[in-house]
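Just so it is clear, A, B, C and D label the chains in written order, and each chain counts residues from 1 on its own.
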Amino acid sequence: MRDPHQVAVAGVSGYTGLELARILLRHPAVRQPVFYLRDTAGAKCLGELFPQFRGWGNAPVRTLSAEAIAESGAGTAFLATPHEASRELVPALSEAGLRVVDLSGAFRFRAGETFTSWYKQPAAPAAWLERAVYGLPELYRSDISGAQLVANPGCYATSVILALRPLAAAGWIAAGRGVICDCKSGASGAGKELRRDLQFVEVDENFRAYGLFAHRHTPEILEHTGLAAPQVMFSTHLLPLARGILSTMYVWLDAPKQAAQIEELYRKFYAGRPMVRIWPAGQLPELQHVAHTNFCDLGFALDSGGERLIVVSCLDNLGKGAAGQAVQNFNHMLGIEEQTALQ
Amino acid sequence: MRDPHQVAVAGVSGYTGLELARILLRHPAVRQPVFYLRDTAGAKCLGELFPQFRGWGNAPVRTLSAEAIAESGAGTAFLATPHEASRELVPALSEAGLRVVDLSGAFRFRAGETFTSWYKQPAAPAAWLERAVYGLPELYRSDISGAQLVANPGCYATSVILALRPLAAAGWIAAGRGVICDCKSGASGAGKELRRDLQFVEVDENFRAYGLFAHRHTPEILEHTGLAAPQVMFSTHLLPLARGILSTMYVWLDAPKQAAQIEELYRKFYAGRPMVRIWPAGQLPELQHVAHTNFCDLGFALDSGGERLIVVSCLDNLGKGAAGQAVQNFNHMLGIEEQTALQ
Amino acid sequence: MRDPHQVAVAGVSGYTGLELARILLRHPAVRQPVFYLRDTAGAKCLGELFPQFRGWGNAPVRTLSAEAIAESGAGTAFLATPHEASRELVPALSEAGLRVVDLSGAFRFRAGETFTSWYKQPAAPAAWLERAVYGLPELYRSDISGAQLVANPGCYATSVILALRPLAAAGWIAAGRGVICDCKSGASGAGKELRRDLQFVEVDENFRAYGLFAHRHTPEILEHTGLAAPQVMFSTHLLPLARGILSTMYVWLDAPKQAAQIEELYRKFYAGRPMVRIWPAGQLPELQHVAHTNFCDLGFALDSGGERLIVVSCLDNLGKGAAGQAVQNFNHMLGIEEQTALQ
Amino acid sequence: MRDPHQVAVAGVSGYTGLELARILLRHPAVRQPVFYLRDTAGAKCLGELFPQFRGWGNAPVRTLSAEAIAESGAGTAFLATPHEASRELVPALSEAGLRVVDLSGAFRFRAGETFTSWYKQPAAPAAWLERAVYGLPELYRSDISGAQLVANPGCYATSVILALRPLAAAGWIAAGRGVICDCKSGASGAGKELRRDLQFVEVDENFRAYGLFAHRHTPEILEHTGLAAPQVMFSTHLLPLARGILSTMYVWLDAPKQAAQIEELYRKFYAGRPMVRIWPAGQLPELQHVAHTNFCDLGFALDSGGERLIVVSCLDNLGKGAAGQAVQNFNHMLGIEEQTALQ
């Protein structure tokens, strides 16, 4: 019988993996975390590879393989690995009896063809896709509690779904009009790959749109808001800062509302969900409020006519958008307090 | 008879005024520019007040008043002054026989009540509002050529109008759907006022929306695109960089189009307008491409269905969004080549 | 008998005060922290004033006065107040029986004239100056343990003293040559005062020196390294980033050394001091390694001749340079583990 | 007979090459500039490769080779190529009769062994090294005027030499003390190579020292200030901004001086050198003052004792530190006004 408090982290070299390490090393319910990389460069512990971890204890580093993790005695694995790697690791680790939180896109969709058409690569077998729970705890925490496999959502998707779901669930979104999701992310969201367009001089004092009509988080947004594809336009932009996603969403309501009604809708929907913070009407969240946290902050502005609504959603793409949410899911899976190690 | 090549610049202490100084000091058709400020702090020339101008000649600095400018012999005045100040200066200088390019909002609207309702202050007399030409040369250059008074457009408004006008003029925008203008600006656009929320630590690594449903550039956008108020949502955001506006616009077309048709529409509309650069389908402009220039760059992405269109517009808020465009207007007023001193 | 675990924080509105709040709200040995400001603007709790604290509990906010704190039952006070305010608060609170950690400069010097000549304002009474312990725990922790009043060091001073003290104590610094301390700080170190030269547009993409031969941290450096004033040149610069101080120090050694000897000197000196991390010869610390931590990282490069040494010191000016070090002092005063709440 | 106004630019793809293009396309004495790259990717003109140049005319782009340039009819070549490439191109182009401004390090030293020992690669033949003039026009303009081959100085070296040379030439630097050059550069100075440590997330909100005791600009500094190696410590740091070098230099004077004497020394030394701007005692230059210019700004602070001096030097590493200075050299070689195209 594996101990779920004993944790393996695969793919620690990216920004998400490092953030996971930062959180898990402080987590009171995590015992002996071990970190796995494709290439350990001869290092034995985390601090040798990443100087910022020196003096934080000596969490071991090992060469990544499904066998190594399975044999380690770990009861839970976090996978901050590429989609292709997760597709192989998840079944192997699950069959070996580990609980898995996968941060890639490989297990986010029930239908393999959704994955294939957006990610342009083979999907995982249907049997495994069906076992995966979409790890947005504010919506699906009861499913997550008993899950053996959780697919951690995309960062943009988390930001948009949390903002639109209450309106969609209430049936307040006008059908004939569009819903626009204009999203802006810091550069850590693009990952650690060496790319010319991510060099400092190319991002500093710059701002640009990318991935229009082609971003892979689109199908997550459609599936978990229930909105129809032609109604939604979703765009992504690169901000000259390291951490954070701010999404601005534009909605026509089906009937005029008061600002107080909007605020009440959100407050009720997220009652008992402390990681989503609702802003009073007339105030808007900012990226600095959520940097280095697991909060998703939601604010809005309503036109005087009561039908045109702008919702602003802020989160840290490495926190609530990735590593923080992964730990939040882990906390639910283990039945411990949701915010443990996340404040 | 005043010489229009002799130039007075009022309000040189803000970022727009300094950018005007930078351009006009290099302008081959400008003779003896004189700079006027409320408070010269005893300085006699520009370099004493603003060290970056040392070694650039010794353009004189004087205390700002309508009388001082009128008596100076200048034939053209640029006003980079607050709305209230421009409202007083424009009639006085115009009556004294100067041509005026006013960079404030005070003369941008035919109807005084439009100004009053958005700017919450008294409008200029109707007779003066009627004389002013809206200084967007790509749309109104023949009017500008003969004008005595040009109202330089708002920075956001320039960015949005240049992007939407070709579509609106062609009647390609679907009537029942919305048009969204999600705009992001660098911090120099907020001016030089001392504000807590513009301190470095508050803007750095931060991003936020502001002025939702209340931004003063809204009526300019409506008037010069011809779109109806309820159809448009316009938002503004503060980027952690100094210069540049990127606007992302979302449009549903009234009928499916090919990307080549969109590109052709824009190319035809802006033929002979070298300061608007059209990007080929599939490529998008970025803020770095337009920083320190007078260009407005336009690019777009069309959904595979051909009905959902995203247009991206980039300009430098101090260049094409303010000082550069003011000089472009000046060049038209004097009948000299439009790009003089702007490349 | 006051309970030292019950904590009052005065001056919470600056960047240091907010960082103190962030640390103390997570501190397991702190009970019921109360935050005091000159102007609470009618707010009852921290989250009302500073939105980033929403959802973190409801720490109360009260109007600042010595009486209010003394009557509150608090046993320890942190003062993140201006020098003038601390000069009044410290005696009042100490006489009321509170332990005090003062983050201003008012109690950092034994000699009142040192304070007066560098700060250009009256010093606190000599009796109080004598009671204060200089709060650099790596050097003076036994004094701090029993102290009723700790003067928290300046941010630049901490950075420089920790780097030079081992060399000075060993007598390795050549007498006839200079010692140069070239220091660079992020903008949060300049505080929250509204100043033109701290506006985003003035700091972004800029870098400048300031305070040459006049910086107030100079006497702390001289006193705690034991170096003579004419030997030392100390400069400060403003970096376009929010948090962090990197100091580059240049020393001629009195006799040639090997790199291994330098490294050993530092390792021995800071043995058992986990908040100072020594870098292996050939590697240098960076600001990102210490941001949001209480570490001071030290690295060095030795010329091939073995006599010219460059030492690089990095810390977070709000962490080890201010609030973090204040809590480290508090931990020593209470006899609890030094790193509590600081990892 | 080749026309020196007809210009070839080799290596246009780096930041220095692009800045050269920007300046030369506006240069009134340059005819038909042609740009050469190793790989043109099928492009025919500059705007196809670098979108920021669209609408600026259609300067042709060709595949780089000595033959192609020699056959082109160009009379002057700018080489913004790596050291190895310049070592081959310079002799070939010079023998073909072109004047050459080389921006690499390959021809900066008379002694081949100096190059070899600092650059770890073979030096150019001695005969060519002897023909090269070191292109610092404020010091050597008469040599540059008649030169066929100019070696453009390093960016850090320009910054330091211009600051120290007046003091060294006057014999005011104390012999027994050190001279410290603490230099900080923006990221464009590191070039366009793809490196992990130059990715946005690694540079943003970060600051670090590098190249201690090993930087290649060291021998230029020693040679052109005349200072002895053991006296000088020179360090380099990476700033989180794109453009600019600020160097802080620390000098002990051989005898006490007044601030006015220091200022006068600099003013006399640089009389008739408009691209070096001297700041009045008590004021210091900043990077923003020189960004996008060809100025080198010098300021200083003198201790009250009159013997300890700090000199601050600012320039744009792509301007006066590279491309701007190359054009300044070109202007001298052609006998045209030094500042042409540089204001």
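Rule of thumb we're sticking to: contacts are C-beta pairs under 8 Å (C-beta built on N, C-alpha and C of every residue); 3 or more make two chains touch, one makes a residue touch a chain.
The shown structure was predicted, so the numbers you read here are calculated from the model rather than taken from an experiment.
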**Asked** What is the chain whose Cα centroid lies farthest from the Cα centroid of chain A?
**Response** D
**Comparison of A-D and B-D (more C-beta pairs in contact)** = A-D
**Complete:** When centres are defined as mean Cα positions, the distance from chain C to chain D in whole Å is 40
**Distance from chain D to chain A - Cα centre to Cα centre, in angstrom** = 46
**Request:** Determine the centre-to-centre distance between chain B and chain D, using the mean Cα coordinates as centres, and give it in whole Å.
**Result:** 36
**Prompt:** What residues in chain D touch two or more of the other chains?
**Reply:** 202, 204-205, 240-242, 285, 288
**Request:** Could you pull out which chain A residues touch chain D in their complex?
**Result:** 15, 187-188, 192, 194-196, 198-205, 240-242
**Complete:** So, in the complex, the side of chain D touching chain C is made of residues 176-178, 180, 182, 184, 202, 204-210, 212-213, 230, 233, 235, 237, 239-244, 246, 248, 250, 252, 284-288, 291, 301-305, 307-308, 310, 312
**Item:** List of chain C residues in touch with chain A within their complex
**Value:** 26, 51-52, 54-56, 204-205, 274, 277, 279, 283, 285, 288-290, 292, 295, 343
